[in-house]
Every structure is written in C-alpha cells, then in structure tokens.
Amino acid sequence: MKRIGILTSGGDAPGMNAAIRAVARKALSANLEVCGINYGYKGLVEGNIFEIKEKEVSDLIQLGGTMLYTARYPEFAEEQTQLKAIEQLKNNGIDALVTIGGDGTYHGAVKLTEHGYNAIGVPGTIDNDIPFTDHTIGFNTAIQTSVEEIDRIRDTAKSHSRIFVVEVMGRNSGEIALRTAVASGSQVVVIPEKPFDVDQIAETIKDARLRGHDHQIIVTAEGAIHAQDLTEQLSNRGVENIRGVSLGHVVRGGSPTAYDRVIAARMGSYAVELLLNGQGGQAVGIENQIITHHPIIDLFNTKAVTDLSMYELANTLSY
Amino acid sequence: MKRIGILTSGGDAPGMNAAIRAVARKALSANLEVCGINYGYKGLVEGNIFEIKEKEVSDLIQLGGTMLYTARYPEFAEEQTQLKAIEQLKNNGIDALVTIGGDGTYHGAVKLTEHGYNAIGVPGTIDNDIPFTDHTIGFNTAIQTSVEEIDRIRDTAKSHSRIFVVEVMGRNSGEIALRTAVASGSQVVVIPEKPFDVDQIAETIKDARLRGHDHQIIVTAEGAIHAQDLTEQLSNRGVENIRGVSLGHVVRGGSPTAYDRVIAARMGSYAVELLLNGQGGQAVGIENQIITHHPIIDLFNTKAVTDLSMYELANTLSY
Amino acid sequence: MKRIGILTSGGDAPGMNAAIRAVARKALSANLEVCGINYGYKGLVEGNIFEIKEKEVSDLIQLGGTMLYTARYPEFAEEQTQLKAIEQLKNNGIDALVTIGGDGTYHGAVKLTEHGYNAIGVPGTIDNDIPFTDHTIGFNTAIQTSVEEIDRIRDTAKSHSRIFVVEVMGRNSGEIALRTAVASGSQVVVIPEKPFDVDQIAETIKDARLRGHDHQIIVTAEGAIHAQDLTEQLSNRGVENIRGVSLGHVVRGGSPTAYDRVIAARMGSYAVELLLNGQGGQAVGIENQIITHHPIIDLFNTKAVTDLSMYELANTLSY
Amino acid sequence: MKRIGILTSGGDAPGMNAAIRAVARKALSANLEVCGINYGYKGLVEGNIFEIKEKEVSDLIQLGGTMLYTARYPEFAEEQTQLKAIEQLKNNGIDALVTIGGDGTYHGAVKLTEHGYNAIGVPGTIDNDIPFTDHTIGFNTAIQTSVEEIDRIRDTAKSHSRIFVVEVMGRNSGEIALRTAVASGSQVVVIPEKPFDVDQIAETIKDARLRGHDHQIIVTAEGAIHAQDLTEQLSNRGVENIRGVSLGHVVRGGSPTAYDRVIAARMGSYAVELLLNGQGGQAVGIENQIITHHPIIDLFNTKAVTDLSMYELANTLSY
C-alpha cells in the first residue's frame, strides 16, 4: 500500500476535520501518501481529488465542518456509479479509502468493500446512530451546544416564569434528546423510542408548577413531535405561558469539543493502522473505552441501541 | 429620600441583573434603603415587594435574565391601576422608582411621572429602540450571540456549499440585523427600514456564487421577512441549495457581555445619582460615551434612529 | 432510613452542583429528607447543616463550583474529630452521608465507614485520579476549558510564528495533559508518568519547524515540569521565539460540560439508590459506561491508572 | 491609484483579520488591486508580498490573530530600512499602504508618511492606547475574554470563600483593568494611572469580608503591580485565603467579538475611502460613534486618555 484516500460524506459533524487530520498525519508518519477527495462520493466519482501534505492539516483540529466538503449523493446506490468510483481510485493510485460519515457513508463503504476495494468506515455524525461504537464523532458537541442553548433559554424561562418546549435533532433516535434533557435539568423528555401521552405531560407540568417550578424545560426529539405542535397541544390542555423553540441547524456546526477531537484522533489513527495491517472492509469504533473494529458488512445487520436508562433518570431528577 | 424601588418589565434582556445590582449598590452606598419589586408593574400593583440587602445582589452581575422577574401587563394603561401602584409605593415607603426595560416600561414610568411620582427609566431591551441612548442594555449581547450562532451555521454552509438565510430579532428595527450582518460577513442583509427586492437578492447571490462564493449567509430581521419565506422565494427564483433558520429565543438569554455589564453599571448608578439630586422623571442614556438624562416625557416625541451606514457597509464588504 | 446528608470537600470541580442536585432530587423522590452540609467535613464537625427542599436545587445544574462550599480540613485525620462528626450526624437525624470530592474526601468517607457509619463516595475532582471510575466529575470540563484556552493561544502562536509551552493541571497525573494535548494538536506532551528528555524535545521542535511547523504547542502537566522552566531550558537549547503560559485556576471553575452534568446525574442518583438498598461504604463510579460500586475501603489499595495510549497518539499525530 | 498594500504589525489583536478583510473587499469593490504583506514591516523590507483576491479573505472575519502574520522589527527605526521599504513598495507597484497595529505600527506609518509615501494607520491593539479613536480593534475582545475568565475564577472563589487577585494586561494603561473590574463586579481595581495603598486595600477587603463578602475579586493591571506581589503583600497584612492569578496570553487570541468585527469593518473600509480620495498620512478612528481621521503625524503629540470615571464606578458598586 502506497497511497490512501479520505472522504467525508452525509451531514457535516463537528470533529470530522480532527478525524481527517488524524488519518492524514498517521498515514504520513507511516510514509504513505494521502489524497483528499472533495464532496464525498460525488467528488470521488467526478475525480475531485488532491494530494494532502503534512502542513495542510495544521490548525484544522479545532474547526467545525469538513475541509473536504460533503454532499448527498443518492446516485451512489447504482452499481455503475460505484464502479466508476473504483476506477477513479485506481486511476489516482489510491489503494484504500477511509470514509468518515454516517449511515449513508457506510452504505457506500460497504458497496466498495463488496466490490473488493478496501474501505474503512469512521463514524462521523451527530446522530449517534451507528452500531459498533459507543459514540460517533460530533455527538458530544451536538449535545454540548444544545445544552448551552437551553442554558440561555432558561434565563428567559425563569425571568418570565415560562415553560419552553425545546426541539433538538434526532429523527429516529432520542440519543441527543436524552442526554440534553438530563444535562439541562429538563422536566420532561420526549423521544421516538418511547410512546408519550400529551395529557400526562400536561399533568406533570401543571403538578410541578404547583410545587413551585414556575419555569420548566421540555426537551423533544424532532422525530417524536415538533416543538410547535407539542406547545400547541399542551396549551390546549391548559398549560399556560408556554413557548416552543426549535434548535435546528444552530447545533450542527461549531468547534468540536475536546471529547470529539480525542475520539476523532483515536478512530482516524486506528483506521490507518488497520489498513497498514492489511485489513479493509472494517467499521472503526470505541466500545467501552477500547478502540475496536468489526466487518463493515455486518453493520447493517446490527442496530445502534439507545441507552434508555437516561429516560428514567431524566424523569426522576426532574421531580 | 430614604428608600427607592427597582423593577424590570417587558422582555428580559441580558444585563438587567447588572443594572439591578448597580442601582442597589449605589443606593446602599448612599445609605438609602432599596426595595425590589417582582414581576414589573404587575408585581408593583399587587405589592410583590421585598427589601434588597447588600449581599443579595452579589454574584449577580454575570447572570442573564432578571432576578426581579418580569411580566407583560397591559392593564397598566388604565389610570386606576396606575394610582393603585402609587398607593403601593407610598404604603411601602418607597420615595422613588427606577424602572429597567423597553418601550412599555417607559410608558409606565411616564405615567407615574405624570402623576407626580419620581420615576427614572433605564433602557434594558435587546431591541435598541429607545431614544436618548446610543445602546440599550442587552443589545450588544444579542448581537454577540447572533453572530456566534452564525459562526456555527457557517461551518455547515461551507461544508455543504450552501446558502443560509438567518432570521434575527427585530420587529420594527434592523439594528440587530445590521450589526450581525457586518460582523458575520453576510452577503445580504434585509431590514424593515429599507425596501428590498427579492429578484435582486437572487441575482446578488447567484452572481457571488459565480465569483466563487460557494456558501453565503443572508441575514434578515424578523420584521422585514421571515427566513422561511425568503428562502422559499429565493428558491423559486433559482437559488439552489438554500435553507432558512430562525434564531428566535436562543439569543435572548445568556450571560451579558462585558460591554452590556459596563453600560448597565454606569446607567444604573447614574439613575440613583439623579434621584439623590432630586431629579425624577428622567430617561437615562449613554450618548457619545457620556452619561446623560432627558425628561422621560419627551421620550415619545423622539424616535430611535437606525444607523443605516451599516447597511451600505454590509453590502460593500460582501463584494 | 429517613434522612440523608450531602457534602462536598476538597478542591471544587465543575459538576459538583449537578451531583448535589441529583442526590437531593433522587432522595426527595423517594420521600427521604435531605440535609446539606456546608464546607465539607469542617462544616460537618461544626454543625453547619441545613435542610434542602426540592426547589433549592433548581437552576443549579449549570453552575460551576459547589453551592455547599468546600474546605480543606486536615484535622479530620484525627479520630476524635471523626467521632464528633458522627455525633453531629446523629444529632441531626442524618442516617447516611453522600460525600462528593476527590482523594481527601474519600479518606474521610472511609473513616466514617470504619466507624460503622454509612457513607458513599461520589468522585468529584478535575484530576481523574480516583479508582473505580473511568472519569471523575469535572475532568471533562477541565480538559474542555484547557483546550479552549489553547485554541486562543494558538491564534497568537500562529500570528507570531511562535512556540508556546502551556502548563495544565495535574500534580501526579498526566490525564488532563494527555487529552488536552491530543485535542489541541500539540507537538509534544510532557507528563509525570513518563520520563522526558529536554534535548530530545528541543530536537523535535526544531525538526518540526524545519518541516514548516512555524508555530507549535507543547503541553506540560504541572507535576512534570513547569511551563516557565521548560521554556527556559528549551530556549537555552536554541529553540527560538518560545513563551511559557500556565493555565492555573482559570480552568478550575466554569459551567460544567453536558458530559460532566450527565455523569454527575447518574452517579449522584445511584448513590441514593445504594443507600435505599441498605448499602453504605461504597464508592460509586462509571466503568465502561455502566454505573458501578465497590467497597470504599478497597479504594486505597487500588490506583487510578493513566491511559498512556494517548501519549503515543499525541506524538504520532503531531508528525 | 491602482494597487494598495496591507500589513499588520506589533502584537496580534482579535479583529485584525476582520480589518484585513474590510480593507481588501472595499479596495476590490473599487477595482483596486490588493497586496498582502506578511510579517509587518519586516516582511515589507524583505519583499514578502503576495496578491490578495476576493475569495482569499472569505471565512476570515471570525478568526483571531492575523492571516498576514506579524513581527516586532526595531530595525525599522533606521532611515535606511525605511527607504528599502519604500523601494519594495514601488517595485511591487503598491501606491499606498494600510497599516494595522498599535503604537509601533503607527511610528512606522509616520516614517513612511514623512518620506512622502501614503500610509494609513488603523488602530489594532488590545491595549486601547492609540489616540484619535475611542476604542482600538481588539480591546473589546480582550475585556470580554478577561471577564469570562474571572466568571470562572469566581466559581472557585465562592466555593472556597477565597479572595483572588487577577492580573490583566495593561503595561501603561488601566483601560482593560477598569472595564474588566466593573464588568466582573470586583471589589478593588489597581491601575498604573492611580497611586494605590496596599494597607488601604487590605482594610477594604477585610471590611467587606466582615460585611459578608466571603469571596472577592481584585483586578490589577500588569503595569501597576503583579498579582503574585499584591497577593503576598495582602497576605502579609492579614488577608487570609488569598490567591493570585495572571491571565497573560490566554486573553490575547480568540475569535473577535461582534463589536470588534464591526469597528474593524468600519475602520478598514474607511481607510480605503481616504486613499480613494487621495488622502494619505491619516490615522483612522471612531470617535463618538462617528468615523474620523487625523493627520498621523499629529498622533504622537497626543495621548490616549484613560476614562477614570470607571475607577470611581468600580469602587462604588463593590460597596
């Protein structure tokens, strides 16, 4: 192996740059050449490829987003497109590929693997919905930012004795919502994994107000119910002085937390180690603090499981 | 004069607590007694009043929101209610009142003044729409927070080569939008004070893209056009890969900037000085760095004027 | 069991308040009464004890420091003092005690346990030097703050093509230094657990400069070598344009990260669960994501082990 | 005029990049060519000059430090060196120069002006010690960062009932110290412009402790007395539980505040306007909100005056 490629794909996540740096530096320190591929699989197929030198990943670790850009590219589901990608890789002398991203990124990496090309998957997504790792790169930052936003919202909630329903990211998963709720001391948390009863939420809020909780925060994952809808339904059930806020895109970017930078460094570096050991087709993760890998092909037979102990915890402590 | 009261009213603004502390400490240092009135004019009429001692405003200067709570209270427009307020003040031995807030707060203070009661107005609102002062308390923090949000959004914009329309606060005023636009390097800014032409904005964005500006930020004040509406209209005019985000309540709270704390300290302290000099019925401000006062009754014959030089500046530098 | 006590002791750590809240809320939700003890073991011996109601731990989760105050109290090593503490606990009807802190705090809890009194230890210290837990409360925040400081220092380093030696906390442990170094992309890290050779560090820095790394960061733990000393020694060995900075107390306080708030919530809540199950004399921890407990008496036969894989990683990626 | 140059010199200040962007964009929008000069006057003499295109100052406004690097260069005091600089400018076809920096930078610009070359000075320094402007670029950010550091230190101060002496930047000026003290609610502020009496400070601190101020902050400018020295002297006078902290370089870098970005945009843009109007040899400033210019040669007959009203204010409010 002489030269490896790196791409990021899917939604951007804080820490992707730290992962790119780790892959590049580790590879360079092992005397490999490194190529960056812009705009993910789209750029790969189009040949948007350039060489990365040591200095080009300096002063990068702290930056949000991805220096390699990213794009959605549904066309990569077609075999013909996949073969074109492999051709581009071969034409550029790239012997193996590290892909950084979420669900869709891994699908692409599996396809390349199935075609016999060595691809490694590094989990970079704020959603924490990738199996074989406890935390994805970006997840910690997204929670941290969501919690900081709620810290600010709480000032207004308290000053006006108001209830705020705050919607955080999570289409299929309550992972961000659960930790955000626990860390922001919210009264109620609503997630896709658990049925919820608006009548009961209304009772909880009203009861807590009677006990002196003049202001309260409800955290909802976008995949469970939207903030505005829940606000309206609670208002209709007699919850007074209530407002809905959706955090949306403001929590996607930003400088990655130290935590995300560290796991990005570990996983990016390990991806290259695997390739140096001749192991392709692997999904990298950190499980119970230990760096691990699993065949990437098994990934879609597995499902990331939400830690629901947080659900119980959030409810108890809001007492 | 032996005892003064303090209240905050209207929307909360970062720095209100710093102003409360300044009023209380200045008054206590002059051997006055100080009363806090909770929930603004509503609490005043209801007699929600308590004594503030020196230590109770410690560790307060850095906190967002208002320790005296706030409430909207349209009933205060009625003369009967105003007279009830004055009765409460007299019953509590409160000789003069410092009110901290925005437009509505000042209306209340004018009414008390017209009834012969000494009330001082300190401008505390993120909107910067109060005359007789260059900046209101909270304005600087609201801009700072808006700009930090856009700094994060820019990471995603850049990674995806995307246009973002970001809506900031400002129902009648482009003050926040203009400074936010200049400080975030936005391509276009839309404010209520200036007519805008969506066709032309679409051209500007498309031209800039041709010149290499793959990602761009458009800042709009809520009072001009909502982010979602502008996004849709631009999309209809062929601007691709564009999203709308409304910052909303996430920029209202939070720890006040040093700037807001300093002007809050200056204006709160000066309010007490005026009262010690026997001057009531005044609106406090800082104009051209100098602390000033004007008869509060004149305030509604005056209009805060938006500094439109920023408009030109934002457009030039986005070139 | 009808009533439990809580105290914090030793150096303050971000997240102590989140832990206090969790203990209090969990206990109240189980119909226990809760007492706060001010100033750690000192306050306990002096009877500085008060009842905590549900609302008194509201709006607390986001605050740095500890609402229960803390103090160093070497006198607690004497048996007589320990017995006085137990007398105070009995006089106040406190059936069990949750102690939050570091090394010294645990020594106190062990002593109470040895006297037959039920005490639980919750690890609250930025140093991450407590066994039976992967991370102590406050450790994540201390790293995060250190990394943010270095992000700022890097701006100056880059602008002036300068080397900065940055000293972070860690008298006996390189835990903070290692993660800070990895997360800030530092060139060299110096920790007490590893011998270091200033000549070799000088070579590394000079070599990197030749390869184009005009500005570089060296992270040192206070227990290895002070920033000023290392700066001087490197300067004597011909490293030009180099400065030393000690972060010191600026990284001890501050609002806890979401991560620290979550582990504080989990561990504080679990401490009460143990007591409800009649289990005292336990040290609470989170190991491999799972909440655990071990006899607190075993704690001093165990040693927290620094994860040295970070050392290798930092060196490789700085290539 | 066809082409202008930009350089930054002296200590880096947050907002320098925003000023560079403003100069470049304004000039490009007027169809001028723009050259960046690296490493200030040193780079100018050495011919370290490159062309700046529109896109090269994108995504720059939010970054601390200076993309044009900076260096101290005492050699520029010599006439021969100055003439070499002018030769370089002519060889590169640069018709006028915008210099961004502090005191030393202005001296250089004056020299060029005296040799008949059109140079404009834009005030970029955290020290706020340049005449003809109310605030220099970077001053607001330095205060903001200092205040955020003290907000964190206060958590520890409060938890331990401790006094902290915090040293902020300011060799000859108390400008940063005064605003930092007011904004952080410090008990005492010590500045070079005012004599101070350690005995009296000790009394103030002890008195305040008796009145219940268990923890307190003292802010000192580095030019008045160092934190460690003042701590020791106060300790010798019976002030217990007191520590010293020097903020140093951690407050020099970092993303500029919105305030600094806005004034950088205004002043950078105006510098080009002056040149377009044929006016060289000017120092740009913002005085009483209005953009102004004065002959740069007059600058050294003038002295920036510290606003001492803050001194009185800090003392009163700490009551």
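Letters A, B, C and D mark the chains as written, and numbering starts fresh at 1 in each.
Operating definition for what follows: contacts are C-beta pairs under 8 Å (C-beta built on N, C-alpha and C of every residue); 3 or more make two chains touch, one makes a residue touch a chain.
On a predicted model such as this, the values are computed, not experimentally measured, just so you know.
> Please find the path from chain B to chain C through touching chains that uses the fewest steps, and give that number.
2
> For the chain pairs B-D and A-B, which is connected through the larger number of C-beta pairs in contact?
Comparing A-B with B-D, the pair joined by more C-beta contacts is B-D.
> Determine, using the mean of C-alpha atoms as each chain's centre, which chain is farthest from chain B.
C
> Starting from the mean Cα coordinates of chain A and chain D, work out the distance between those two points in Å.
Centre-to-centre distance between chain A and chain D: 39 Å.
> Between chain B and chain D, tell me the centre distance in angstrom, where each centre is the average of that chain's C-alpha atoms.
Going by mean C-alpha positions, chain B sits 28 Å from chain D.
> Express in whole angstrom the distance between the two chain centres, defined as the mean CA positions of chain A and chain B.
35
> If you look at chain D, which of its residues touch at least two other chains?
In chain D, residues 151, 154, 158 touch at least two other chains, as defined above.
> Please list, in label order, each pair of chains that touches.
Those chain pairs satisfying the definition are A-B, A-C, B-D, C-D.
> Contact residues on chain A for chain B in the complex?
On the chain A side, the touching residues are 8, 11-12, 14, 16, 63-66, 69-71, 145, 149, 151-156, 158-161, 164, 243, 245, 247-254.
> Going by the contact rule at the top, pick out the chain B residues touching chain D in the complex.
It comes out as residues 18, 21-22, 25-26, 28-29, 54-55, 58-62, 134, 140, 143-144, 146-147, 151, 154, 158, 179-180, 182-185, 211-213, 255, 257-259, 261-262, 265-266, 269, 288-289, 307, 309-310, 313, 316-319.
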